[in-house]
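Look at the two complexes coming up: subunit A is in both, with subunit B in one and subunit C in the other.
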Partner chain A sequence: MILRLKSLGMAGYLLLLYGFIFLPVATLVLFSFQEGRFPIPPFNGPSLKWYQAVFSDHKLTSALTNSLLVALISSAFACVLGFMAAYGFARYRLPGAAAIKATISAPLTVSYLIIGFGLLVSFNLIGVSRSLFTVGIGHVVINTPLCFAIIYASMGDHQLNIERAARDLGAKDWQVMLRVTAPMLMPSIIAAYFLSVTFSWDEFIIAFLLSRFDVTLPVEIWSLLRSGLNPKTNAVGSVVFLISVVIVLLLEFTIFRRGALRDRQS
Partner chain B sequence: MTARVEFKNIGQRFGEFVALDNVNLDIEAGQYAVLLGPSGCGKTTLLMILAGFISPTEGDVLIDGKSYNDVPPAKRPTTTMFQDYALFPHMTVEANVMFGPKMQGAGRKQASERAHSLLQMVNLWDARDKKPHALSGGQRQRVALARALAVEPDVLLLDEPLGALDLKLRRQMQDELKAIQREVGTTFIHVTHDQEEAMAIADKVVVMNHGKIEDSGPAHRVYLQPASLFTAGFMGEINLIAATLSGISDGVARFASPFGNIDLPASSILTKTLNPGDPAQLGIRPEHFRLADSSEAVSLGSAVVRNCAFFGAHLRAILSPEAQPDLSLIAHYAQSQKLSDGDRVNIKVERDAVIVL
Partner chain C sequence: MAASVALRCKGWAFVAPALLWTLAFFVIPFLVMVMYSLWQRTGTTIVKTWNLDNYASFFEKSHFLAGLSNSLEITLLVTVISIVLAYPLAWIIAERVPHRWQRLALLLAILPFWTSYVVRSYAWLLVLSRNGYLNQSLLGLGIIDTPLEIASTRIATVTGFVHFFVMLLTLTIYANLVQLSPNYRRAAADLGASGLQTFWHVILPLTIPGVMVGAFLTFVLCIGDYITPQILGGNNELVLPQIIMLQITRRADFPTAAALSIILMAVITIAYILCARWLKMERT
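Right, the complex of A and B next:
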């Protein structure tokens, strides 16, 4: 009896917690299907007209493309840089390694506002005008430490002998990295990539500070919001959410499943 | 593809710790040598020095008469087979074996032919498309062997290659290793702490302890006439009896011991310098005890059987000799013998088998 109560209590707690996390999102998605002009109760739908409005809005669709481009490309750079740094720290004894490692990880703890502001000042100083390119650089700055941390955590001594064996068989350093180390770490590299993509995908402050004419989706949504709430903002928010969910699910089903399967077999 | 290996005055220090102390060792081309010793004795360090993963603090490594100090592993005519096999987990068995030839500039076709012949040799051609994680321990070991031999090394270095396998598989694999070594003719240098494994496969057993070579030679010589007390004890169980040399005449050495005077052939003295009055240890292997009397036997008086157990191939008894009751002698008798705890037996030992250290 007491056990039943206890598990009921736990279920209730779980419900509250999930409600707290997901209710705002659920409301957002629900009212994106609103028939009327205001995303407030009562709900009168469902209707897809606001989605139609989103996809026929040229500014929104080009912002969406911009966001995807920036996310995919900047994450690729962040992953390559993060991997190379992780390889260096894990495989070579560097003077002052602890200090360099701390410096590399530092952007994780600094607010995006400061990083964005710093980059803005720097770009002004060297005369680089704001564009999607500078936004991409900003995202490489914030995501490289993340990729480094994820990939570095998955590098252990158990791969050391495998790399030694490759070198012993005649592979050069770059061949070891490219043909042995990177493929071995592929699950964590892909995990780092997708996580970096999701972070870049909905990053606002840096994108806002460093872009000018071509903007990313969060910036475009922000300017939309300034003209007041309407179900169209809900619809575009839902699209952003949906894409994030798809990325996370992709990650879950491709990488983590495969890893779990391999762990079970070995 | 085979070569002679020489270690000349090799010394290796890790900070204060002396891992190897003035090691000199020759291994003939085409020999199967086994470095044997307890953990921490320096055997793996010596192997890693030959492989090139560690450069020695002192001394020279010569392969085929050429010094290889400061030459990186990839540029040496050696290949290492690691203890954990270190297979490439993301590649198929065939790709693993092809890796070496490809890295050394062979074309795809050539590398694949090489992999084909080696995988056939180790009986894994049918498993060529599997990934390492889908293989059993013994199969992984064979893939590692094929991969290492694919680059046609002069010397193959095996770091505890059978350590991860269960006993039965280990015995089977050691026969296979030896057969493959005979087939390819490459010099094999194998590190282990299992003396049975060492004796089963080695042309030359090298016993190491505390960074030094205690003994080296063919298995039967190292086992029956060990050069040191350590070797005697490490190669198998041995009973030691303290004695003093009384004198040598006509090729017979007489020892004074708690069991009275014991006469042994002078050739059983294995340490070179033993003068009358010097203390010595008489070593007797358990399998050299007899129950039947004969003129060839040394008698050590009677004893009480304290503990007797049937071991399948033999009967293992712990004896408390009357002359020295606090000493326990371990004796192996024929499995057909009927002995039980508390029985009184006469201790007889084959005279020629006793060694003096």
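Right, the complex of A and C next:
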């Protein structure tokens, strides 16, 4: 009897917490299908008119394209920088390695607001105008340590022998890195890439401080918020959520699932 | 000898791009910000005389100090509530949910993590606003007569933050719990400990370092965040990042904003030093 009560209590707790976690998202998605002008009860619908409003809003669609471009390109840069640094630290003994690692990882410990503001005053000082390009620079700064940490953690000594074999067979260093090491580490490289894509895609404060005329999606949504509660914001928020969830599920069912399988076999 | 020098040079070539990028776009901008914090803004121009006036004015003006104490109060409250809510959730998922469902349970628990950060705060506004979901439900059920004013208060800010950090902490505490060897539990049971005693004297102490890492992460992310307090807390009881953003966007007072940013970093550094002995991460 006590046991029954205990597991009932646990089920209740699970239900309560999952309810809390899903409450805002469920409200957001539900009222994106609202027929009327306000995303508040009572719900009448469903209607797709706010989705239509989102996709016919030129500002929102171009912000969406900008966000995708900045995310895809800046993450590629961050991944290449992070991978090369990880390879350098794992395969060569460098003097002062600890200090350099600390420097490369340092942006992880500083608030985005401060990173963005530092870049803003610096660009201001040397007369660089704000654009999507400067936003991209900021996003490479925050994502390089992330990519470095993820890829470095997956570089073990077990790949060393294969790299040595490649070298013995006459491969040059950069050939070893590109054609032997990189393919072996592909799962973690892809994971690092997509994680930084989602981070960049969702990043607000750096993009807000460093952009001017062309803006990214979070900044455009931010200016949409000034009109108060609006089903259109719900619709665009639901679209963003859908895109992120698709990326996460793709990762879950491709790379991580394969990694888990291989772990089990070995 | 020559070979090892050549090897070193090659190693440098791999590390250099990331290092140079970080120096150019992180370290130098930080130094520029420090320099700005020592300058003054008078009228619309920036006077490049070096002194500590901006830091002095932080301690003289009460609204700056109030911002810091609001930040600290909200952050500490959020950290404590989030841990208290997330620990049991992580524990139930790790210990009571059947093994084959655990990954799904965890994936579900952090799914809203992937909504846009700006949109997530807005979604809480939908729930908490005067005519929002919560008020309408409570009015409909007859629990309250007049709508609760939650939006634009500290309660709304804390709710939005707790939602985010419960997901984050559930993930980190779960990871901590599943890597504990089952031998600890067996040994405790062999020595006659009850389930509660095992948890209290064995499992909980073993997971404290992991919880502290999560708590520190919560502290850092929470105290530096601008979006959640701005959307949910509104313009009452401003926190430090809101005050910094006001200096940047409204007043174009970069020197004061720079000084406040450095004070914010100092607070985070102090928090790091206070928890440093707990923060021995496995891979550094």
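Here is the rule we go by: the second predicted complex is superposed on the first by the 256 of 266 C-alpha atoms of A that agree within 3 Å, B and C clash if a C-alpha of one lies under 4 Å from a C-alpha of the other, contacts with A are read in each partner's own complex, and residues count from 1 in each chain.
Keep in mind that, in the parts below, a residue touches a chain if its C-beta (ideal position, glycine included) is under 8 Å from a C-beta of that chain, and two chains touch if they have at least 3 such contacts.
Quantities reported herein were computed from a predicted structural model and do not represent experimental measurements.
With subunit A as the common reference for superposition, the partners subunit B and subunit C occupy compatible, non-clashing space. In the overlay built on the shared chain, the residue A:120 is in contact with subunit C alone; subunit B does not reach it.
When both complexes are overlaid on chain A, the residue A:167 reaches subunit B alone and has no touch with subunit C.
Of the two partner chains, subunit C is the only one that A:205 touches; subunit B does not reach it. When both complexes are overlaid on chain A, the residue A:89 reaches subunit C alone and has no touch with subunit B. In the superposition on chain A, the chain among subunit B and subunit C reaching more residues of subunit A is C.
In the superposition on chain A, A:213 makes contact with neither subunit B nor subunit C. Taking the C-alpha centre of subunit A as the vertex, the lines to the centres of subunit B and subunit C open to an angle of 100 degrees, rounded to the nearest 10. For the overlaid pair of complexes, the smallest distance between C-alpha atoms of subunit B and those of subunit C rounds to 7 Å. The interface of subunit A with subunit B does not overlap its interface with subunit C at any residue.
Contact residues on subunit C toward subunit A in their complex (touch as defined above): 7-8, 10-15, 17-19, 21-23, 25-30, 32-33, 36, 85, 88-89, 92, 96, 107-109, 111-112, 114-120, 122-127, 129, 131-133, 136-137, 163, 166-167, 220, 223-227, 231, 241, 244-245, 248, 254, 257-258, 261, 264-265, 268, 272, 283. Residue ranges on subunit B touching subunit A, taken from their complex, read 51, 53, 72-74, 78-80, 82-84, 86-91, 99-100, 103-104, 133-134, 147-148, 150-151.
Partner subunit C is touched in their complex by these residues of subunit A: 7, 10, 13-14, 17-18, 20-25, 27-28, 31, 38-42, 80-82, 84-85, 87-89, 91-95, 100, 103-104, 106-107, 109-115, 117-122, 124-125, 137-138, 140-141, 144-145, 148, 153, 173, 177, 198, 202, 204-205, 209, 217-218, 221-222, 225, 229, 233-234, 236-237, 240-241, 244-245, 247-248, 252. On the subunit A side of its complex with subunit B, the touching residues are 158, 161-162, 164-172, 175, 179-180, 183-184, 186, 262, 265-266.
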